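In what follows, chain A forms one complex with chain B and a second complex with chain C.
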Partner chain A sequence: MRVEYINPFVEAAFSVLKEVLRIDIQRGELYLKSVSQPVLGVTAIVGLAGDVEGRVLFDMGESTAIKIASSMNGEEMVKFDELAKATITELANMITAQAVTKLHELGFEFDLTPPAIFTGDNMEVTDTGIEALIVPIEMEYGKIEINVAVREKN
Partner chain B sequence: MKTKMDFPNINKRKPDGLQDTGKAFRVLIVDDSMFVTKQIEQILTSEGFDVAATAENGQDGLEKYKELYPNIDLVTMDITMPVMDGVTALEKIIEFDKEAKIIMISALGKQDLVKKSLLLGAKNYIVKPLDRKKVLERVLMTLKKQ
Partner chain C sequence: MSSLEKDFAAIDIEESEVEQDEKRAKVDFKMVTFSLGGRAYGIDIMRVKEISKAGRFTVVPNTPNYVEGVHNLRGEIIPVINLRRMFHLEELTRKKNELANVLILRIEESIVGVIVDRIDNVIGLDSSTIQPRHPLFTDINMKYIHGIVEVEEKLFVILDVEKIFGSDRDLSGDEIHVRRTMGTDEAPEKTKKAAPLKPADQDFQFITDTLKTFSRFHVDALNASWVKQRLADWKKIRQSEKKDVQLEDPEDALNFLIPFYSPCNGMLWNHEYRDRFVSLLNSGNTSAWKVWAVGTGQGQEAYSITAILKLQFPEARIKVWACDNDLLSISSAPTMSFAPEMIPEYLEKSGFLKESGKNFVFGPEFRDLLYFEYHDARHAGTLPELDLIVARDLLSFFDLHERQKILADFTEKLKPGGLLIIGEHEELTAPGWKKIEGNHIAGYTNEKN
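What follows is the complex of A and B.
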């Protein structure tokens, strides 16, 4: 997978997270996974279809998701309820929309699916025929992994 | 000795959500995201606006608009929604009331749909992420437009 696909998502995640959370954010080392990999507990997934196809995951632990949702709603939340889910979905929406604008500017045309949220323990994701590039983003609320598996359509 | 302190009156400014008559502007929020609805509602009610109703999709928004009419001053309309999208709902509300003041709420990357909405009669738009300043600025600008 070409690295240029992931950069717009990482840049967008940085800019949106900084804008909505107003805290310090660090980028971890990019790594590649081509086999099944565990996911962290709360995962927003957005599908891409067009010149490039695949999916993007925004993956985080439940406590990180609750802290982010609390900060975005300006109130202490104690469980990952419907409002928290809507908040993380909207966060994924904002990041993806900004990334896609950058990719469209680079000449790629594709559509997005609305984000869906998965929650649970001991989950794994497997992408057949596409490797996933992962960029961890670290902040005081915990870690979010931006996990992108896309390919150019033949 | 007693001293008299002269504190400024911090409540002197009229909240932006009130009309000159003192009556609150009435707003309908149409958005399928509970988070965005809550965010807009908090921003507007903190300035004295009256959120008359909320709707989760364009169809529901259209029906609520008709129920509230003519006691409705402004609509915030998400673009991407299930059942009926925001652009279709905008078109139908304008058909019903050509004076309707509708602000489109858009994610980045929907420029074509925003342009289409403005051509169809939307009075303004706001690109997410939303913040208090951006929302109040656009809402007030739209309410002042004739």
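What follows is the complex of A and C.
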């Protein structure tokens, strides 16, 4: 993945999460992965198109997702219901959109596809022919792994 | 004794069965097969004196770690070698009274016992079906392999026991010579005959192990000749510093490896290296250059390649993908600036660099020719068909399995006849690559069709 793409995603994730949750957020060490990887339970996906092709996954456990949704809606939620799903989807959209805006400023044309959300146990994601950048984010609600796989259109 | 005879009887039966199966085939080579770490191996039956089960070996101090001990074979004291340990495979723990499977080999005048996982049977075959050794087939050092053979869809690696255990182990004469003239206080003359391994071998083995541990540097056919030469120099240096030859910490390993790196590592390429690089380029190709610089670090290499190609082929469409798996290094690459004294003359005049404060940076049009990517060479990636791959000093830092994968990836991505440049002190023996003679920069062409 081009190095120019890395920072916009890291910065966007960091600033959006800080802004909407108003809690302390830590970034873990970035790394690359290319084999199939387990999904924690709740995964929002946003597709990327334009100069590049790829997707961004926001991966978290269900309890983390519920805590984030509770905080963003200002009410205590106990179940991962429709409202919670919509909230996580929106969060994914906000982060990706901000990253894409930053990339526009650098001269890269990226478009977004509407986000989708997957939930379930024992899920796995496999990309063929592309490696993913993992941005781990730690906070008191739990852990979010942002998984970015983008490649140039040749 | 009686159990031994039974073992032999069992082998005889299996042998004859196999022979019947292959009645029509010519049988002029027989091997005793055994398994080790889940793989099947064979040893020429002429080298096998007998097979045996034994345990409770007598430990001998100051021997290499793979020497399990000595064993009393009907009054004859023989050394017993643990083959798993020798080949750096994971060790099996034997229960207290459990006996080990031992192959007793006769090598030159001496007799050696070898512990293996399981002794299978005897297979007779036509020696012309034995394929030559191939560095990619196994995790055992290639020089210890006699060949590979497939029998009933099972692959056997035939070991060259003379090379492994014989006194004439494959070592450069220089190294042994150096050791002797240095007059170490260990009196190498004495150990020479007693042990099947020479001290120089142990040093080489130890260096191999420690380089792997401290620097993830894998010694084998790719770089062994350099390591041997370096070891000889290293011994002199350490002796003069009154230090032990062995590498004690990662810093020692780093120091040992300093001369390994190719010229102009971590700097813009100088005139001499540029000329050597240019002499390798096929001047017939002038219209397009698609280049992949793998493990490019902070990017000086990638900038140099791009600039040299642009100067050499001003009309060509040039695109360079440069990657590294060190995030910190590669992140600083796109914005790297150079102090005036770091810039060689051919670049000064090129006009590619623009002033930025006291230093110089490459201009935006030039930078558009270059993509810097955070990428791990072991992972999949998509690139268009390439004309040139530059992977200097990269392959030595991956183990055989990873290296095999990376080379397969190179073969796939590179055009037929495309160029691969590896490190100055590396030597590629894998099939499908042809060394370009006469140049002092290590270039290979891709021979795929």
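Please note the rule applied: the second predicted complex is superposed on the first by the 153 of 154 C-alpha atoms of A that agree within 3 Å, B and C clash if a C-alpha of one lies under 4 Å from a C-alpha of the other, contacts with A are read in each partner's own complex, and residues count from 1 in each chain.
To be clear about the criterion, a residue touches a chain if its C-beta (ideal position, glycine included) is under 8 Å from a C-beta of that chain, and two chains touch if they have at least 3 such contacts.
All values derive from a computational prediction rather than experimental measurement.
Engineer: Identify whether chain B and chain C fit side by side or clash on chain A in the overlaid structures.
Structural biologist: By the criteria stated at the top, chain C and chain B fit after superposition, with no clash.
Engineer: Quick one: classify A:32 as touching chain B (first), chain C (second), both or neither.
Structural biologist: The second partner, chain C, only.
Engineer: Contact-wise, after the overlay, does A:20 reach chain B, chain C, both or neither (first, second, both, neither)?
Structural biologist: first
Engineer: For A:133, is the partner it touches chain B (first), chain C (second), both, or none of the two (neither)?
Structural biologist: second
Engineer: Please indicate which partner A:114 is in contact with in the superposed arrangement: first for chain B, second for chain C, both, or neither.
Structural biologist: The first partner, chain B, only.
Engineer: Once chain A of both complexes is superposed, is A:93 in touch with chain B (first), chain C (second), both, or neither?
Structural biologist: first
Engineer: In the superposed arrangement, does A:152 touch chain B (first), chain C (second), both or neither?
Structural biologist: second
Engineer: Once superposed, minimum distance in angstrom between C-alpha atoms of chain B and those of chain C?
Structural biologist: Minimum C-alpha separation, chain B to chain C, in the superposed model is 24 Å.
Engineer: Show which residues of chain A both chain B and chain C reach, each in its own complex.
Structural biologist: No residue of chain A touches both chain B and chain C.
Engineer: Mind listing the chain A positions that touch chain C in their complex?
Structural biologist: Within the complex, chain A contacts chain C at residues 1-4, 6-7, 30, 32-34, 128-131, 133, 151-152, 154.
Engineer: Taking the complex as given, what residues does chain C use to touch chain A?
Structural biologist: Residues of chain C touching chain A: 325, 327, 330-331, 333-334, 371-376, 378-384.
Engineer: Considering the complex alone, what residue numbers of chain B touch chain A?
Structural biologist: Counting only chain B, the residues touching chain A are 33-36, 38-39, 42, 80, 107-110, 128-129, 131.
Engineer: Which residues of chain A touch chain B once you look at their complex with the stated criterion?
Structural biologist: Residues of chain A touching chain B: 16, 19-20, 72-74, 82-83, 86-87, 89-90, 93-94, 97-98, 100-101, 104, 114.
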